[in-house]
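There are structures below to look over.
The same chain A turns up in both complexes below, where it pairs with chain B and then with chain C.
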Partner chain A sequence: MTKEKNPYAGRPGATHVEAVKERFPGAVTDVSWSTDYQPVITVDADSAPGVIEYLYYERGGWMPVMAANDERPLINKFALYYILSMEEQDKCMLTVRCELDPVSGEFQAVSARVPAAVWSEREAQDLFGLTGRNILDNRNLVLPDDWPQDLHPLRKDSMDYRFRPAPTREIENYDFLKDTGDHETRVIPMGPMHITSDEPAHFRLYVEGEQIIDADYRMFFIHRGMEKCAESRLNYDGVNFLAERICGICGYAHSVAYAETVERAQGIEVPKRAQYIRSILMEVERLHSHLLNLGLVCHYTGFDTGFQHFFRIREDAMDLAELLTGARKTYGLNIIGGVRRDILASQTAETFAKIDKLRDDTKRLCDQMLSTPNFRKRVEGVGILAPKIARDYSPVGPVVRGSGFARDARWVHPFEGYQYIADHHKPFTEESCDVKGRTLVRVHEVLDSMDIVEELLRDELPAGPILNDKFHIEPGKFAIGYDEAPRGENVHWSMIGNNQKTYRWRAKAATYSNWPVLRYMFRGNTISDAALIVGSIDPCYSCTERVSIVDVKKRKEQILTKQQFEEYGRTQKHSPIDM
Partner chain B sequence: MFKPIKEMMRVGNATTKYPFAPLERPEGARGKPEHDSANCIACAACAVACPPNAIQMVVDPKGGTIMWFINYGRCIFCGRCEEVCPTKCIKLSREFELAVMDKNDLEETCTYPLQKCSQCGKYFASAKEVAYAGDILEQQAENDEEAKRARELLSVCPTCKQKADAYRAKRRVDTVGDPTPDPTPEQMDEARKQADKNKAERRKEARF
Partner chain C sequence: MAEFIIALVQGILLVLLAPLASGIARWFRAKVHTRKGPSIFQDYRDIAKLLKRQDVHSNVSSRVSRIMPPLYIGCMIVLGMGMPMATRFSPIPFLADIILVIYMLALPRFFFALSGIDSGDAYAGTGGVRELIMGTLIEPSLMLALFVAAIACGTTNVGTMGQMVGAGTVQSPIAFVIAGIAFAVACYIEMGKLPYDEAEAEQELQEGPLQELSGPSLAMMHIAVPMKQVVLASMFVAIFLPFGSAVDLSVAGLAVGTVVYLVKMVVILVVTMVIENCVSRVRWKFVGHQTWFVFAIAVCAFAFCVLGI
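And then the complex of A and B:
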């Protein structure tokens, strides 16, 4: 190939760019690299589905998320950024960008060909008022069903972030999907408040006798509007602290992912020591998160002794976090350019001691858990996630690794401190595709995390500064930030605007990718396993949902007494909620 | 079956006496921010840095006061205030038991006087902040004369300073004439080239 024909030869992703150009002549209007590892292909909106299908199925791509952006104030267009993680040959994070008409906002939905895009596209329809032609699922995702139809919160000209519109209708009009064939089914509702889940989500199980034939769900009851809040109220460097509050369990991973978007887009070099510290803290976070889920899986299978013991040793992991960061959760240590607190020699020694103890405890408990016959019977062959479904929907974390795919952002696209140790680590997978597989992946990873913390702390931790604060922010640049949270890959996308603000921030939590496959995991199981299956994706509701629409029409606060609450719970009449 | 029972026997009692006995937190644990009101100069650096707006400054330009305000209910214990404070008067303590019976008890305030402009008489900045800047300038001054002059200048508000500068420039023009001569043709060419370059760059940026 001559030099003229391929000016990008050698850059990560160049072969994909060439392949797309060859396969779809004339579709590509622009090619650039937002960072060394992140090529951006701009294609015309009509050929986007074809290009993405080709990259996804034929060139080993997976789709974490699509970010929509209202660029009308900049270029008088809406823009869509389909982010693809190319994991087989020529690894890179590839963005397929397309521009949409500013008035109609119509686009050819990619989800018709690549189902993994379905949630992102539904979200773009809700929050930006775009219209996806042939979209796989046309229902509301994020916005409540009584939200005004023509109000799209993330459009730059739509509303103030504090505005709360009045509900437009009384009745619930969400169509639940039902694909039960000729079975005669009954509906079992689960949630929005259910004893087995700590956060609200509504499931409808269509059952025949004990068997679940199909299931559907409605979520986003607690969408908190963080993206809108970040771009309206916070400065770009304050968003770190908000990002950390996306999740109560794996918040630090979000904070790292956001910091990465800005650092990469602006070319800010993070000191090596800070990269190591970030990786160490992410592993510490994984410790407590996986121990929590291992405890919960015991709880769901009726092995409550195991549950109590896992939570007991999880406390040691929390103590470790408090020792290193000053807080049990929401460490608050990230800032653009590095971290805010160093790891001292005395803390290192104490960390080693704690990890030794934790490793012994974890090994012993996992052994007990896996040798309990009741436990094995409850998890084997339950909640099967077929590899075909997994390939279509791009789930992440232990869910996809439990179905045999070696997807782990730490080792597939090494970042931060992991890039220095990636040569002798690889993702751990299980082939059984059931709850047991996912549990085993977690058991392995929790032990692996301890080794990684030790490895990073012991020989490797380089000396030097932990913060780089000499940088200049240029508006308009964007990049992807990704990392492996305990539940899977978090992908953030941000573009910096004027006035020190984030112009657009798209945060994708791991569980966001895992919900769409849940429906398939339910099918064919019994009702009693439903909670276990939900638990096995280690769901994280508020991570997925970033806006809470509270009705404060009357600007009134009201406290219910326990009696009122119970009375209403029994009779469901005369609602005491006067708002 | 017997393994869990053995584990139970091995571990024994895992709970602690808290809240009936105090809970030890490690060195460096982050809790309630403690404000040293005597050393605070009400410069508002903490209020600017605070991500959740737990710390705010409330200015009363008529009464001539500036109020430092914190709501512990909003505080996320990130410690940004501690980092940015020029006088080190905010420190995060290890105190974490902040529950109150009345929400208002979560709020604390501290009021400081504002500095009056010696020219126009309007309030323009925290008096302690002005004094703090004066102390620094005094230390750096080479002689008493310079120190005195720095102090005098500090008590003038930015608006009056701008006005004074404008009058001084006008007087100079009136007496000496226009101090900026017409540019030479070479200088004009240079300026045009620079303008074109800037325009091209802006166009490139505007694509995003």
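And then the complex of A and C:
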């Protein structure tokens, strides 16, 4: 070690690497940089929890996601990539990699020490058949509960994609968590279909009177198997168009995040003009997404007039998207190496006019919303997300900013066009930790987005090409792509294989990081606030649930829980769980 | 005999026109939302459709759920028959006694709440409990305000009270006016419109007890709920704003009275429509704070009444 003293001094993340080496002698087996900004530390599997806990709590790390990878065909090992966003000193996106035994697939679960890893590790258990020792929560996350024991869809040797396994059990065997102490509670089932949610998710609220004592939820009713599809059926450049279909609202952010993984891993330089265009379009996407959520907040509090008017002015934001991209949704614009469509001078002028109008409308409507009778009382002190819980679980976007943490990938790890204007922007935060805080963050951000679009378009939009198509793809390289979608940070990780395909693609939608804290936000509120609290994280159901390969929905509807849920909803007797 | 015919006509017209009132409210709501919205006759179409449908009840529910809708609508028809509308006096004085009116309002509420709990649905049950709590919170103010009006007028009959007011012979006018304010607010809360539609809160409880109703039962509730709103508004104008209504049974008097009554109803409808579209729903745990405020106004009226001013 003394021989190669500081061979990487000065590179982003080098101080973290040094600190880990000093604190855990012998644990680090390899250090490399997948890109300039992304150090990768390979540690032995047993010390991973300690290393990550140290980086997370003592060196200002946050954990967006962990990507598991079946590398048995490459190196005869499974590999785990814990992605850490180092946000305090020596900022970088740091990956802690560990290799697992190909037969047992056992790993020391990080979630025992850093709860933020819990969903990723549960997912790795489901989809790769790995076994986490001391894992925080050992239930199925992604796979349905009647899934065959030894079938793990994302293993390379798992099965033919046309294969449909038969269900193995007819009773629901998902243990809902229930930490109600000595309160006498009854169960309020909310969903899978509920009037305020457009997509299925099942919440089980344990209430005493109207007070929610505890809550748990089961999701992943609508997997689309995108990651498997990308690996098995698409070329690496086609995945871009699949990525944007992850979400109907913030699809563009996913597309940018995926494109970044490939561009960074392969060292493809994106022309400056394309970077600007990407940032502008992401802000346009934020505009219509935040306006949607502000409308929904009104709706959940019973103020439908506000809801309809937010949707009215949101239409202007959609027009803006249509003007700049040719479609109301910002789809189909990104390809690896740049964008497909330029912004013309005439469109710039029209954009300014539209933004001026939108800004006036938004300001006026937000004022009206906040001065509506009862509105403040509905949102103040509701759905508290304590800063400690937030620190433990790494939520993202307005949820974490509403609890006082300045996490915003645009300004913490500036990327694309944002890196040229990052010096005079900073994340908006609110200290109130409640629905009001999250709503106010969105109000600030929607106005800020308009300023950013204007700033990027006004005199800074650089001339030049919008696409770089001179590159070669080298297999085996991987990198992290991240960006700030309206709901928070989207993180993608991909590794290119040797047949023009992605070997592994891990897409983390923003909401994936926000679901695990929801349980804590429910506690102590009343049933009447439940929908509002769910709404305040601006949830994306199908985005979160993009993984796994089977049409579970059909299976479930025919066989499993629907009847029981219905029966139970009517009678409140013979609970499939409690009895 | 003529009085009885008036009562009968009132009852029938109330049933027939209540969906128009809710239809107008829907149409107005759509306009405020900048939506095109349904026509004002949409509620008739909905009711016609529902009447053709099967009446489904959950298999754990008892007879309570089945008798609630007819009982509810029946109570409202009885109230509508006795309430002075176009006339200043009550067509059937026995039915316009405030003690009876209050109980006739409490009875359907009780069954409405019970049917929610009876249905076995978690949300309907919660809505039922809310309905009962709303009743407990607002009925004292309603009763106290009426009580003050009764003392001030020396009678418990709605029609006679209206006649006293029309003749200007109320004993403690200030107390009476304050009681009128308390009664108006209490009536609005009682109507169950936003921000006080706690029992049926759509986004919170998925329509509460209503969600377990279907077919003709739901159709009856679609008629009965706006009927209740019209009855409450009628009671308010009959006691506190009786001006313009027919004092005798002359044809001209009745015609003028009818027109004046309709104008008053439209004004009240517009006021309620504006309010319900400009507010968020009260957070359930704060409803009590707001009803206490109403109660304070009613107590104030009572104090003035005791002082005799």
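The definition used in the following text is that the second predicted complex is superposed on the first by the 541 of 579 C-alpha atoms of A that agree within 3 Å, B and C clash if a C-alpha of one lies under 4 Å from a C-alpha of the other, contacts with A are read in each partner's own complex, and residues count from 1 in each chain.
We adopt the following convention: a residue touches a chain if its C-beta (ideal position, glycine included) is under 8 Å from a C-beta of that chain, and two chains touch if they have at least 3 such contacts.
Only a predicted model underlies this, so the values are computations on that prediction, with no experimental measurement involved.
Visitor: For A:S158, select first, second, both or neither according to whether it touches chain B, chain C, the two together, or no partner.
Guide: Neither partner.
Visitor: Touch check for A:C298: first (chain B), second (chain C), both, or neither?
Guide: After superposing on A, A:C298 lies in contact with chain C but is clear of chain B.
Visitor: Which holds for A:L234: it touches chain B only (first), chain C only (second), both, or neither?
Guide: The first partner, chain B, only.
Visitor: Look at A:H309 in the shared chain and tell me whether it touches chain B only, chain C only, both, or neither; answer first, second, both or neither.
Guide: Once the two structures are laid over each other on A, A:H309 reaches both partners.
Visitor: For A:A327, decide between first (touching chain B), second (touching chain C), both and neither.
Guide: So A:A327 only meets chain B here.
Visitor: Where on chain A do chain B and chain C both make contact?
Guide: Comparing the two interfaces on chain A, one with chain B and one with chain C, the shared residues are 305, 309, 312, 372.
Visitor: Quick check on the complex: what are the chain A residues that touch chain B?
Guide: The contact residues of chain A facing chain B are 71, 74-75, 234, 238, 241-242, 245, 305-306, 309, 312, 319, 322-323, 326-327, 330, 332, 340-341, 364-365, 367-368, 371-372, 474-478, 495.
Visitor: Can you list the chain C residues touching chain A in their complex?
Guide: Of all residues in chain C, those touching chain A are 29, 32-35, 58-60, 119-123, 126, 194-195, 197-198, 201-206, 277-286.
Visitor: What residues on chain B touch chain A, complex-wise?
Guide: Checking each residue of chain B against chain A gives 1, 3-4, 7-8, 11, 14, 25-26, 28-30, 51-52, 76-79, 83, 92, 205-208.
Visitor: In the complex of these two chains, what residues of chain A are touching chain C?
Guide: The touching residues are 186-189, 194-196, 210, 298-305, 307-309, 312, 372-375, 377-378, 382, 526-532, 569-573.
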